[in-house]
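Below: the structure, in structure tokens.
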Amino acid sequence: MTALNLLDYASVLIFALTGALVASRAQLDVVGFVFMACLTAVGGGTLRDLMLDRNPIFWIADPTILAVASGAALLVFFTAHLLESRYSAILWLDAAALAVAVAAGSGIAVAQGQPAPIVLVMGVVTGCAGGLMRDVVANELPLVLKQGELYVTCAFFGGLATVLVSDYGAAEAGLACAAVTFVARAGSMAFGWRLPVYKGRPPRTKP
Amino acid sequence: MTALNLLDYASVLIFALTGALVASRAQLDVVGFVFMACLTAVGGGTLRDLMLDRNPIFWIADPTILAVASGAALLVFFTAHLLESRYSAILWLDAAALAVAVAAGSGIAVAQGQPAPIVLVMGVVTGCAGGLMRDVVANELPLVLKQGELYVTCAFFGGLATVLVSDYGAAEAGLACAAVTFVARAGSMAFGWRLPVYKGRPPRTKP
Amino acid sequence: MTALNLLDYASVLIFALTGALVASRAQLDVVGFVFMACLTAVGGGTLRDLMLDRNPIFWIADPTILAVASGAALLVFFTAHLLESRYSAILWLDAAALAVAVAAGSGIAVAQGQPAPIVLVMGVVTGCAGGLMRDVVANELPLVLKQGELYVTCAFFGGLATVLVSDYGAAEAGLACAAVTFVARAGSMAFGWRLPVYKGRPPRTKP
């Protein structure tokens, strides 16, 4: 459980940074920074815990998590102007947080003895739901929908790695999952890796 | 329970098709298709199960549901270009899925012995929440808010049918509910049926 | 519990009014009014109850709450044209509902014996989540994100008041919380009170 808890902490910290960076783009006040940081940081894990009926949910069991997220928000509030380009900082931090969160979410489902499809779903939900909530609340185009970029797809392959490696141990599975997710996402951002997208012919119009 | 389960399967399949069609409009890759299909297909039912504290929620109890939704996504990924007009296909499929989902949701509440208002709410939530999540995530104007078209209203009358007919048997109530919902929605789309909408005079401006 | 229940009723009524006013801006039909009123009225409390694992959630335990919200929707459907300026009516009602809902949410967490951070979060969630859902569904810029206005911040300070005063009694804490929240929000709207917002220098562009 300790390794899984550490993963949860790490993803909370990094997602909180991305939430606070979105708050800096929207020029909110410091409480707004904390709100966006906490929403992004615990949104995916909260949904996971509600769906798996884990009780109490992770940040009620351990409110330190909220302190970590709030600390990240304060850090960004006072230092975001030091970043040359906030948007690319958001993207790379988000990739790291995605990798860690997918590993944490799918690992928890494995620890519960869930079957492979549920492990996959929990990896994707824990990885993608917090950032999705951040983007929906901030009225930005959700990253998960950015056309022609791998995002949900990375989480999906990360979850698949957890499923395949989980027989060899939880730590190995977590490492494999985080590595696959991050490499896929980084490859997509740096080298333009992508899956073929749907290219519909424009619908024929009736004459 | 079997009839209710079948209804859940059918609504999952059809909602998944509409989610995948929205993914085709956004030109996502195949994992994006699966994501949107699953979100739309199980979103409403997941919310219903969380609120009614049904445990485990339906697609964790039966992961086949996720396979059905993913299959629908793959089908659309390879065949959506065959549809002449994807948007009208979305609308009509959505009407069918709405009818089935309202019947499933309100039927489950009746089976739990909930009072009439909760039956109504669960019908509306199961019917409307998945499509609402689909539209919010895809950044489209939610169908439930399309001005002057019946949508939530159809779900509401469907739920009312369940309440009125449920004394005669679950199958009868499900049939009545689905029929009322679909006829109301189809009438709204084909013949322009609607309830009077709010027509406020423009607010007077202070001189 | 009675005082807390009364607070829940009051916030349901007022939030329902704001939801119905948003429905009037979107010119929905009467069922759309009821939908938006109920979503706004019970959204925050539903999320709170799911996260605190209170079972059944408050409006399933007491469906009268749905009747109150629906009644508010009908009232607005027939009388909204009497309001000179609907938007400012939404803002002021929302401030009152926020104050009451933060008091209700943080009070329930205190009654459960939760630690201070969870009390704070439950105050903010109960106060802000319903209005946030209303704005996201209606495709309006979320009030919680309005740049340079106190909103989440007011809920936060209200929750803080609950934490500080809760040793003196639940009623005193509720009153203090509602007063702090409302005064902060009213001061923000009427006198422009605000916290310093993040003012980043525009990111330097590479030469």
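Labels for the chains are A, B and C, by order of writing; each one numbers its residues from 1.
Basically, contacts are C-beta pairs under 8 Å (C-beta built on N, C-alpha and C of every residue); 3 or more make two chains touch, one makes a residue touch a chain.
Please read these numbers as outputs of a predicted model, since none were measured by experiment.
J.: Common contacts of chain A and chain C?
T.: Touching chain A and chain C alike, sorted by label: B.
J.: Does the chain B and chain C pair touch with the same residues on each side or with different residues, judged by whether over half of the numbers are shared?
T.: On the two sides of the chain C and chain B interface, the residue numbers are mostly different, under half being shared.
J.: Rounding to the nearest 5 degrees, give the angle of the rotation that lays the CA atoms of chain A over those of chain B.
T.: My answer is 120 degrees for the C-alpha fit.
J.: Would you kindly tell me how far, in whole Å, the mean C-alpha position of chain C lies from that of chain B?
T.: Distance between chain centres: 28 Å.
J.: Show the residues in chain B shared as contacts by 2 or more other chains, in ascending order.
T.: If we look for residues of chain B contacting two or more partner chains, we find 50, 136.
J.: Where on chain A does chain B make contact in their complex?
T.: For this pair, the touching residues of chain A are 50-53, 114-115, 117-118, 121, 124, 128, 132, 136, 141-142, 144-145, 147-148, 150, 152-153, 156, 194-201, 203-204, 206.
J.: Of all residues in chain A, which touch chain C in the complex?
T.: The contact residues of chain A facing chain C are 23-24, 26-35, 38, 46, 50, 55-57, 59-60, 63, 66-67, 77, 80-81, 83-87, 136-139.
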